[in-house]
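What follows is a set of structures for review.
Shared between the two complexes below is chain A, which pairs with chain B and chain C, respectively.
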Partner chain A sequence: MADATRPPDWHGQALARRLRRRYAAERRFRRLTTAAVIGALGFLLFLLASIVAQGWRGFTETRVAVPIDLAAARLPVDRAQLGGRAADLALAGAGLEGVVDRAADRLGPDLLSPGAWLRVRDAVKRDPSLLARAATFDLPAADPIDRAWKGDGSPAAEAVASRLAPRLSTGLAIRFLTGSDATDPGRAGIWGALKGSLLTMAVTLALAFPVGTLAALYLEEFAPRNRWTDLIEVSINNLAAVPSIIFGLLGLAIFIGTLGLPRSAPLVGGLTLALMTMPVIVIAGRAAIRSVPASVREAALGIGASPVQLVVHHVLPLALPGILTGTVLGTARALGETAPLLLIGMRAFVAAPPRGLTDPATVLPVQIFLWSDQVSGGFVERTSAAIIVLLALLLAITGAAVALRNRWEARR
Partner chain B sequence: MNLPRITARDVSVFYGSACAIDRVSIDVDQDRVLALIGPSGCGKSTFLRTLNRMNDTIAGARVQGTIRLDGEDIHAPAMDVVQLRARVGMVFQQPNPFPKSIYENVAYGARIHGLAEARADIDAIVERALRRTGLWDEVKDRLRDRGTTLSGGQQQRLCIARAIAVEPEVILMDEPCSALDPIATARIEELIGELRGRYAIVIVTHNMQQAARVSQRTALFDAGRLIEHGDTSDIFTNPREARTRDYITGRYG
Partner chain C sequence: MSTLGLLFTVTALALIGWFVARARAMQFAGFGRRSGAGAMHHGWRVAAFTALPPLIFLSAWGVISPALVTDRVLATPAATALPPPGYDRATILAEARGLAKGERPGAFHPLSRALAPAYAVAQTRLDWIATAAALLLGLAGGTVAFARVRADFAAHVSVERLVRSIFLAASLLAVLTTVGIALSLAWQGGRFFAIVSPLDFLFGTRWSPQAIDPRDPGASLGALPVFWGTFLIGVVIAMAVAIPFGLGAAIWLTQYARVSTRRRVKPALELLAGIPTVVYGWFAALSVAPAIRSLGVALGIGSASGESALAAGLVMGAMIIPFVSSVADDSLHAVAVALRDGSLALGATPSETIRHIVLPAALPGIVGGVLLGVSRAIGETVIVVMAASSVAILSADPFAPATTVTRQIVDLLTGEAVFDSAKTLAAFALGLVLFGVTLALNVAALGIVRRHGRAHG
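Up next is the complex of A and B:
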């Protein structure tokens, strides 16, 4: 034990030893913090790399070059019809699908993806002279061939693929970006779920942001301090911690059971997710409002601003970046939410993108969930590709919010 | 003329059950600056903030007694507290310009009280207030800059300009120089001299010399009570109370 009566040694060995100990402790702590960041980054990179490695193939399709002699087929089509709206019907009625199938069968059985002939139809519509000559069309291959060509197929399909190798090519799968769910992985697309997600988020934001912000303002600025407001405060804090599936039950009971809104609709999904997002916005908003400096409040009240003017002119502009941050966090969580939407019926097989808020729809995370459940192997890469789309959407929303916030802060 | 603008009679302030101000009676004159002095925690700031009801914003604060502004009871139900604070402006200890442009800082009061609608009228109000506080020549080319980019002394003068832009009847200053250097302090004191007469002024200060320099009347507070008040020259040269003498000579407080 040190002798308390002796003056401390500020020179020499003892000091050097104390310093060394402090330096070592501080170095250890700093290394720990760095290690934490590196570890987190490592996990993130691993996640991104594995998803991208799996998912990029979901954005591509394998095409087979099929020679088709449309002149020999002598399709009973009137050239005049090809420019108009009746062209689709005319070509279908003339038996174009059969011609394409027979041409493909000459190369091997079950080569083409269902609906591949539609590419020929569209090509003919663009260039009617194709009807009068033989040509080679790059048509989407059937799922087994597609997977074999991407190096993940059955032995039988691998054999077919290697035989056809000179005729196979890889292209961007437009259908994946523009289509909706389908039973065949080659025809399944993400657009329906993406649009469903966008519509759902629009409803969520339109409801949760204003209501959450106003509730936060009321609780921080106008509410009297009494048992009722304490109760409200506790309820909101607890609401933020309620498991999301409970909100699904709530949405099912209120919006579908009581109010009779349509099932599977983005409107109901958005309302349900808004219930879930609101407490997050209220809590973040209250923290942001509380952090507005007291000096600004005094300045405004001292010049004779009314409480409402204080809030509208000073508190809200200063708190808005914080409220926006909370909103982005809440929205990001809602965007990735699956469980409550399953309960309100957004897990249905929906083969067309929703045209409005009340059309049946699904959302990206639910689509991912549904595809990950599919037996057919082609859905594996579709699932990964859908995850990439979801992450991209998330980044876009977060980026937009950050840009908005920075602009707001610069303007102030 | 030494007309009293504000008359406070038997004013007591309670925070919960604690008594912060105990039966204080004092007048604020139109032409004579009133300095409130006293040791920390003596209640002088509380009393100052009672005069424009800024204490209303503190939960549990309660006021007894009457305060009249030009004969009107400021606690009367008919008195709109927002109007009161426009008539009784306030300058705070820390310069607290809004995080907005210099122009907006000064124009804000005029805007919210509807004193002017046309752009030109507001321009005129801003220029007049900035000229009166001696800031105009320093900031006229940067009115769009944020108020917070100014130096501390300039910020405090901006806050004074913001207060006088709405032409208040009384200005309350709560240790306006305590965060400023001596040069900025001298500028503010000079400004108080220039504003005297146009506005009734009450200033809380910890600085005896400042009280002697800027005020014509001085009141000494201690432990929530008004110990002594009178002409500044009398208080500093010939105090009646022993405690006043001890305080101004620095023997206590």
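Up next is the complex of A and C:
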């Protein structure tokens, strides 16, 4: 007891030591928390960097300069046919593919990617005079050579690539942006999946936005405070936290099992994702509606507006920017969603872009998932390239939403 | 008439009704007894009465008409040659439908070619019936409404009631979805538990759904190893990453960082939550899993696998960091400044203040955030489908392969055309368990955050 009441020895050794220890502990703690932030950000950077490092090569293709003497081949093609729509059939029937293959075989076996001759066909269609002379075409190389030229091929392919080095060049892989899924990595493209994603999102938006907005307006403006309203509120809040795969089970049981809608269709995918997105829109919408100033309400009611007029003429226009931002962010989440779509069958191999809402289709994240399963090495860079496209799309959408919100807020 | 044409016609009718009713209401505007309704209200009422009945009828029709068409086709003589219900029969019918609509150039089964004309006939017939019924409904509704365009009729009350009920219907859809999830899971789960005893399912230790013994399906559908794997990956390993990093980041952001730094770092951290999970899965499968495997081999662990619990769990933990950090951030922020300042004024260092004053005050919120993170982690699917294993074994070894509930749901339902086997029903039973557990976690987390969030604020 006597010790505790005695004034501390401010200049003593013990106190100085204790202070040093406490300051050291302070520095340690601070460094630890800094390390946590740096670790998390470092992981993010490493993730993005490793994907970009692999993915940028997916946008390029290796081309082989193949000399082809079309005059010597004497293709039985009528010049007149080349202008019309029959040109494709005429050139294919004349055996152009064989001519191109033989020309490439003179340089080495299995040099060209399947479908490389289509480039020659298109060139001839653009310039029919090619049929009367010899020319050199830059044609996409087969997958092993493509990878060897990009620096990670097999030793055998490396040898072929270094032998052909003067003939090899690198160009933009337009096929990757315009094509659909294929078994050969060189021909695989993302347009089919992108179109599937766009169709699916259209269905999601068309359903989730109006329903979500109306539900938010009802809950904020009209709902009486009773047990039923509580039930609606609780279910909306819980739906927002239900794992996405549960929505896939629901879509499978209801839309496919009970209603008999087609599997793999953007319609079913969109409906399933709409159920998932709607609670997000309701929650964002209610926050936006709550932030409409009370003075606006009182003024409208004061000059005799009915509750519906108040909502339609005043509350909705003022809350719309907030609702739209929530909608866009919810859609961005749905756009990156994979799990529920796996269950409703959007994981099939689809080699053509969907033409309608009920055609078999796949979406961008599922396409990434499917390619990641491929054993063929060329798909590694295609997968990363597809991820880059998906991330760029998400970034653009989110950025647009944020910019939109800032503009509206500045104007108000 | 095509669906689009029909919708167009109905809309046009409603528009005509709107104009006519408004024009008529304008005539008596300002005369006689007034009900308070404007000409616009009469217009909207007539338009709604014209458009809504056909639209409701058509959407119901869209659901039932395929079955009606198929019934009519099955009644034709050509249908007697069809195989019994099953995959083949469904394929032939689908092909015949495609042929009849001109969507596919040819058919694989000769029988579907024979059935296609019957399909076309039945479809055309029912389409005409639907068109006529829709137009009649629209005209009848419009006429009934138009008869009440009178000066003393309070059309605005009717219109407002209608608008309110549309709003109410929209919000009921959320309840319907919840009920739909609960009912479909409970229904399919109930069918599963009629085959397999719940005790076998919850506590059995052998999970091999690829080889189910039809006499005793419960023996190979014991989900305990699956639950254990979920716990190991989603709770133990993922939280071992997410809690220290998430909490550390939240402490740094709220207590140490300058405001300008915070404004830049916080959105960057939240970017982690915006990246699609398929990207994490790809990273886990391609970069992390092989690295973990070679680490295990280097450490001399014989069980080291390329589908280890560790790889999936670590990446999942990184994904959860922003969920933990943003909730922890909010609750650390909510701690009263007076508490902090008091502690600092007494001579405590910042870290002592944080550990002894701020963290205990914010603890409920942090616990809530961690629970939300756990619920997110055990519901996460794509990372484990890509990086974890499909084999369920009871093992606490983080280098050994492990599986999760979500992974098993995907595996069980992939490529399965039959809805009634014990295998597919098992997926719904797993879904039921997952739904129940995540629901309980969310309710608990939200309850804690709401109850204690501002206790010290």
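The rule is short, and it goes like this: the second predicted complex is superposed on the first by the 350 of 412 C-alpha atoms of A that agree within 3 Å, B and C clash if a C-alpha of one lies under 4 Å from a C-alpha of the other, contacts with A are read in each partner's own complex, and residues count from 1 in each chain.
One rule holds for everything that comes next: a residue touches a chain if its C-beta (ideal position, glycine included) is under 8 Å from a C-beta of that chain, and two chains touch if they have at least 3 such contacts.
A quick note: this is a predicted structure, and the numbers were derived from the prediction, not measured.
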Query - Dominant toucher of chain A (residue count), chain B or chain C - result: C
Query raised in the report: Does chain B (first) or chain C (second) touch A:Ala265, or do both, or does neither?
Result: neither
Requested in this report: Would you sort A:Met201 into first (chain B), second (chain C), both or neither based on which partner it touches?
Outcome: neither
Report task. Identify the partner contact of A:Ser235: answer first if only chain B is touched, second if only chain C is, both if each is, neither if none is. Result -> second
Query raised in the report: So, does A:Ala284 touch the first partner chain B, the second partner chain C, both, or neither?
Result: neither
Query raised in the report: Looking at the overlay, what does A:Gly257 touch: chain B (first), chain C (second), both, or neither?
Result: second
Requested in this report: State whether A:Leu131 touches chain B only (first), chain C only (second), both chains, or neither.
Outcome: neither
Report task. Go through the superposed model and pick first if A:Ser306 touches only chain B, second if only chain C, both, or neither. Result -> both
Query raised in the report: What is the contact status of A:His314 with respect to chain B (first) and chain C (second): first, second, both, or neither?
Result: first
Report task. Applying the touch criterion given at the start, work out whether A:Arg347 contacts chain B, chain C, both or neither, answering first, second, both or neither. Result -> second
Report summary line: chain A residues contacting chain B in one complex and chain C in the other 306
Requested in this report: Can you check the complex and tell me which residues of chain A touch chain B?
Outcome: 225, 293, 295-306, 309, 313-314, 318, 412
Query raised in the report: Where on chain C does chain A make contact in their complex?
Result: 63, 66-67, 156, 159-160, 163-164, 166-168, 170-175, 177-181, 184-185, 187-188, 244-249, 251-253, 255-256, 265, 268-269, 271-272, 274-283, 285-287, 318, 321, 325, 349-352, 354-355, 372, 375-376, 378-382, 385-386, 406, 409-410, 413-414, 419, 427-428, 431, 434-435, 438-439, 442-443, 446
Query raised in the report: In the complex of these two chains, what residues of chain A are touching chain C?
Result: 22-23, 25-26, 28-30, 32-37, 39-41, 43-44, 47, 50-51, 210-215, 217-219, 222-223, 231-232, 235-239, 241-247, 249-250, 252-254, 257, 259-260, 275, 278-279, 282, 306-308, 312, 332, 335-339, 342-343, 347, 365-366, 368-369, 372, 380, 383-384, 387, 390-391, 394, 398
Query raised in the report: Can you list the residues on chain B that touch chain A in the complex?
Result: 52, 54, 57, 59, 82-86, 89-92, 94, 96-100, 108-109, 112-113, 159, 162-163, 166
